[in-house]
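Here you go, one structure.
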Amino acid sequence: MIRVGIAGGAGYTAGELIRILANHTAVELRYIQSESHKGEAISSVHGDLLYLPLSFSDIDFSDIDVLFLCLGHGNSAKFLAENPVPESVKIIDLSNDFRLKADAGEFVYGAPELNREQIRTARCVANPGCFATSINLALLPLAAAGMLPEDVTVTGITGSTGAGQKPTQDTHFSNRAANLSNYKVFTHQHLGEIGETVVAAGGSATTDIAFVPVRGCHTRGIMSDVVVRLDASLEQIADVFKKYYATHPFVCVSDKPVYMKQVVNTNYCFLSLQMQGRKLLITSVVDNLLKGASGQAVQNMNLMFGLDEMEGLRLKASYF
Amino acid sequence: MIRVGIAGGAGYTAGELIRILANHTAVELRYIQSESHKGEAISSVHGDLLYLPLSFSDIDFSDIDVLFLCLGHGNSAKFLAENPVPESVKIIDLSNDFRLKADAGEFVYGAPELNREQIRTARCVANPGCFATSINLALLPLAAAGMLPEDVTVTGITGSTGAGQKPTQDTHFSNRAANLSNYKVFTHQHLGEIGETVVAAGGSATTDIAFVPVRGCHTRGIMSDVVVRLDASLEQIADVFKKYYATHPFVCVSDKPVYMKQVVNTNYCFLSLQMQGRKLLITSVVDNLLKGASGQAVQNMNLMFGLDEMEGLRLKASYF
Amino acid sequence: MIRVGIAGGAGYTAGELIRILANHTAVELRYIQSESHKGEAISSVHGDLLYLPLSFSDIDFSDIDVLFLCLGHGNSAKFLAENPVPESVKIIDLSNDFRLKADAGEFVYGAPELNREQIRTARCVANPGCFATSINLALLPLAAAGMLPEDVTVTGITGSTGAGQKPTQDTHFSNRAANLSNYKVFTHQHLGEIGETVVAAGGSATTDIAFVPVRGCHTRGIMSDVVVRLDASLEQIADVFKKYYATHPFVCVSDKPVYMKQVVNTNYCFLSLQMQGRKLLITSVVDNLLKGASGQAVQNMNLMFGLDEMEGLRLKASYF
Amino acid sequence: MIRVGIAGGAGYTAGELIRILANHTAVELRYIQSESHKGEAISSVHGDLLYLPLSFSDIDFSDIDVLFLCLGHGNSAKFLAENPVPESVKIIDLSNDFRLKADAGEFVYGAPELNREQIRTARCVANPGCFATSINLALLPLAAAGMLPEDVTVTGITGSTGAGQKPTQDTHFSNRAANLSNYKVFTHQHLGEIGETVVAAGGSATTDIAFVPVRGCHTRGIMSDVVVRLDASLEQIADVFKKYYATHPFVCVSDKPVYMKQVVNTNYCFLSLQMQGRKLLITSVVDNLLKGASGQAVQNMNLMFGLDEMEGLRLKASYF
């Protein structure tokens, strides 16, 4: 059994990790740490887990095999500086602290569809961002094929859980319900990851991605609509996508237009392609908390420990 | 023109008041006070009012005819103590500070369907609570007819705007969306108003109201389902209701079951009656911010100034 | 491996069954029948199952161990009359055709918390209705203890999936969103099941249940608020509930008020109790498609085949 | 008083027209025609209008001054062929039958911000489409200034009411809630109107608009995000927009990013501009049923009859 510790156990990504790992046959949940909730039952925060007899505690790093860091962005590096984790413990960080090459150190960027082999042997993995995952998976095949144009335009619509558990005006129900708004237009922090992923796949460092993030009036899920203008046929492009993802179990290239609820509460990314003249739309849908966060983190754990990549991740879609 | 001042201008009920009064032909919006937003444009808080050239300011009490108090519960009495308002200025308070007889002083309980004549001559009016309005209007005809049984059971489902503008876990979109929960079960603060209204109408002081307030996953609107067991025919009861409300323009007794969106973004209360054997369901729907707050406040202002009761309140329902 | 056939495979309850059984370690999905979609891929209807290489087909009854009937109400009896199912095949019917004693024949009412031992040995099980499950579980302990009063008032708020896949005005998004309405007031068809369950548990045949079903503006989940007036202490009542459900893994009696999203996308029923004076509120939350339909059907299958009652049903809550 | 007839009175746009015109001081609602509901009360379809004593009837064309056609697309031309309307009656058509130059005949394209003077003297007006209105208003200033680039990329997210009152799988609550999907990708029927508007304003006939329409999980409102790459400063562009709309009362160019609920249940279009390097985002929000349909139709009526352009259209935003 893989002994697991989770730091920052009261947040949304930690909650999803616990929900997944509680049913993962190769895992034993040993420590779920939370400074603000120490000693309380897990269910005091994650209310569905009433039947799970676990409480928030400190982590005994000598008694775990893998540490998930679910701390806020900027806090992972600090946590690791303050808490010496033995070399024998693998680390999967869900923040953006180690994703960029300039920050990575020994961390491998945990996109299995780009870096699966490096992840298998990594000690430390930086789990990608939710928007980054959604957009990376739309761009990777074209970048790898040298077919990605310079100008890329992306509208990505995300659910409120991407903003975490802290109540703000942007996540206030009276404001958010039945509303739509843009934020961080052209400047979202995931653009760094996405740019580096395009280059790592073989694309150009000068790719210009106009990314408009949209706050949707739903809780879970991202739909990214990527528009490029391209001289190629839909058949050629579909072929490129299907070949690229042939061996990746969590990415499905659909022959029909995809929609967001196909993947909500699952670890899948569904992609579809539509074309008219030179205009190509690539649509990518993921659950921001699963393939966009905790699900992908478990996928990475599975790879790092030599398990079936899908173990614990055959989740029933909520679908409705 | 009636010169209006609003204290506590940044909250939800103030926003609704401004939206209504900006189009009220007999009103001039003179002062909209907000401590936290003084000097800012109204639209910095109430984002739809981009075209309204007004800013938050202090109130010159010598330059207004009526003062609306949209302060938080408990703050109205304090505000009046600190700000001497001339006798010539009428006051309409939207908090619960003066609703109960024990607190009222010169304040009249502003339920036009109970106290219309007193409101016409009142200087000060305590505007009823949103749940209270919804439930009062369901109970008044039976209470007045001496037909209200001792045991009353009410489930009232309310939108998030009833909780105001301050973000909390209960109004956090990720929690509230697609969710239902109860709160203040059997102990909601509006029970006091409701009990006094029943008595004022002629009902019994020992009426036992089991009230379960429910947080719905919508923003605007209350549906109250009132169940009693009663020895009378549906025809008799319908007759009692229709007679009671015959002269009240904002209450409609429907022959078909009512639903909440019939009244959202209007000042109406719609009621319907359904019966089987001795079991009677009275359904009452209102918009919590309008008939349940700011709309009724303007209705009271109209009465206090001798205007058409509906002036400024012929609002287009949003309906969808 | 238990070989499974599903009749009526295109509906919502069938979709949920397929989602659950595709991951059930003791089950082989053999035949998913649909007249209207014969020959099409499962994913043409259940869009999330893009990766599941199954198509709609006829059922070879000699090649299955259990048959799930997911046909519309009234069609199960007809289907069984037209399709001779061998005695060796167990049957679990999700319609209301065989739930009432007068219709049951050899069908056992499939409420594990009432009839677990009979279900273990039954060939045919009539799976309870969604509202019935929610309300039964709120009433059973009191009925069994002889403590259930004559007058019971229930408001049950349900999601749109309870109405199935056929688009109507009541499930039209423009009507349903941000709306609330009542339906089948005091006459809902599940009242029959509920009444028989109360009696079977030891309660009175004259219990008068005033049930107001409410259409909520969410897709999944039921919250039932049951109000009774009772001479007993909260401690006594809590004790009755906890003892009753001590051995039932899918029912949790919570010390804190429950809310609907605790159980959405799970097979759990969570219950809570609140009291003031003689007024008792029992709140019961279930997912109408799982504990209220397909999840409970699999729970019954597990019992009928001697498996762990929870097998295949340790589902990750969607929670948000 | 302007005597009004409405053909196709049972649909959503007719409902909104009735709601607006019932409070329009210069209008008398004379005839609301519906084949399927003839003789029924208006409120049998438009449930909020319980207090409006009107019924569906045939239209006496000799007794009206203006006819609104709220029939389905393709049915307006047919209706006019079958029903000879006197020359003295003005016509406002809400379908797409007469919007394109090739179909227009004597119909003027009813975009006041493009054709206000022609509308004032027109007998017949073709009211623009909802997406067309939203996108036209984002493109007009740049097109008129000769600054609109060849490649334009638009994502427009719309509410369910745009699809009308007929229930379908796409508007089925269980499907639509908390979901996102694209439709008519690059081929939406409003592209014709938009292209002609760009040209009429002075733009290029070869402008290539990549338009991705998105079904949002809300009922009312459109947010269109228009991305272009452009060599100009944000100040220059903002100046172009503000000058263009200086005299148009229903279009506001905001200095802060706009969001959809600012305009829901109003006749306004709010626009905002954001830029980074050469990338420009123009965001345009409208209510699809008002500025995108019935509100704009009344705006056109006001212009055609020499009334204040805003008469009857100072609507209280629902905002929440």
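Going in written order, the chains are labelled A, B, C and D, and every chain counts its residues from 1.
To be clear about the criterion, a contact is a pair of C-beta atoms (placed from the backbone, for glycine too) under 8 Å apart; a residue touches a chain by one contact, two chains touch by 3 or more.
What you are looking at is a predicted structure, and each value in this text was computed from that prediction instead of being measured.
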Discussion item. So, comparing C-alpha centroids, which chain is the farthest one from chain A?
Written reply: B
Item to complete: Name whichever of A-C and B-C has more C-beta pairs touching across its two chains.
Response: B-C
Discussion item. Need the CA-centroid distance for the pair chain A / chain B, whole Å please.
Written reply: 45
Worksheet item: If you average the CA atoms of chain A and of chain C, how far apart do the two points sit, in angstrom?
Response: 34
Item to complete: Could you grab the centroid distance between chain B and chain C? Build each centroid from C-alpha atoms only and quote it in angstrom.
Response: 39
Worksheet entry | Where chain C touches two or more other chains, by residue | 12, 159-161, 174, 177-178, 217-220, 259, 261, 264, 320
Worksheet item: Touching chain B in the complex: which residues of chain C?
Response: 151, 153, 155, 157, 159, 174-175, 177-183, 185-187, 208, 210, 212, 214, 216-221, 223, 225, 227, 229, 257-261, 264, 274-277, 279, 281, 283, 285, 320
Fill in: Touching residues on chain A, where the partner in the complex is chain C
12, 15-16, 19-20, 22-23, 46-51, 159-161, 177-178, 219-220, 249, 252, 254, 259, 261-266, 268, 270, 289, 314-320
Fill in: Residues on chain B engaged by chain A in the complex (per definition of touch)
12, 159-161, 163, 165, 167-169, 171-174, 176-178, 217-219
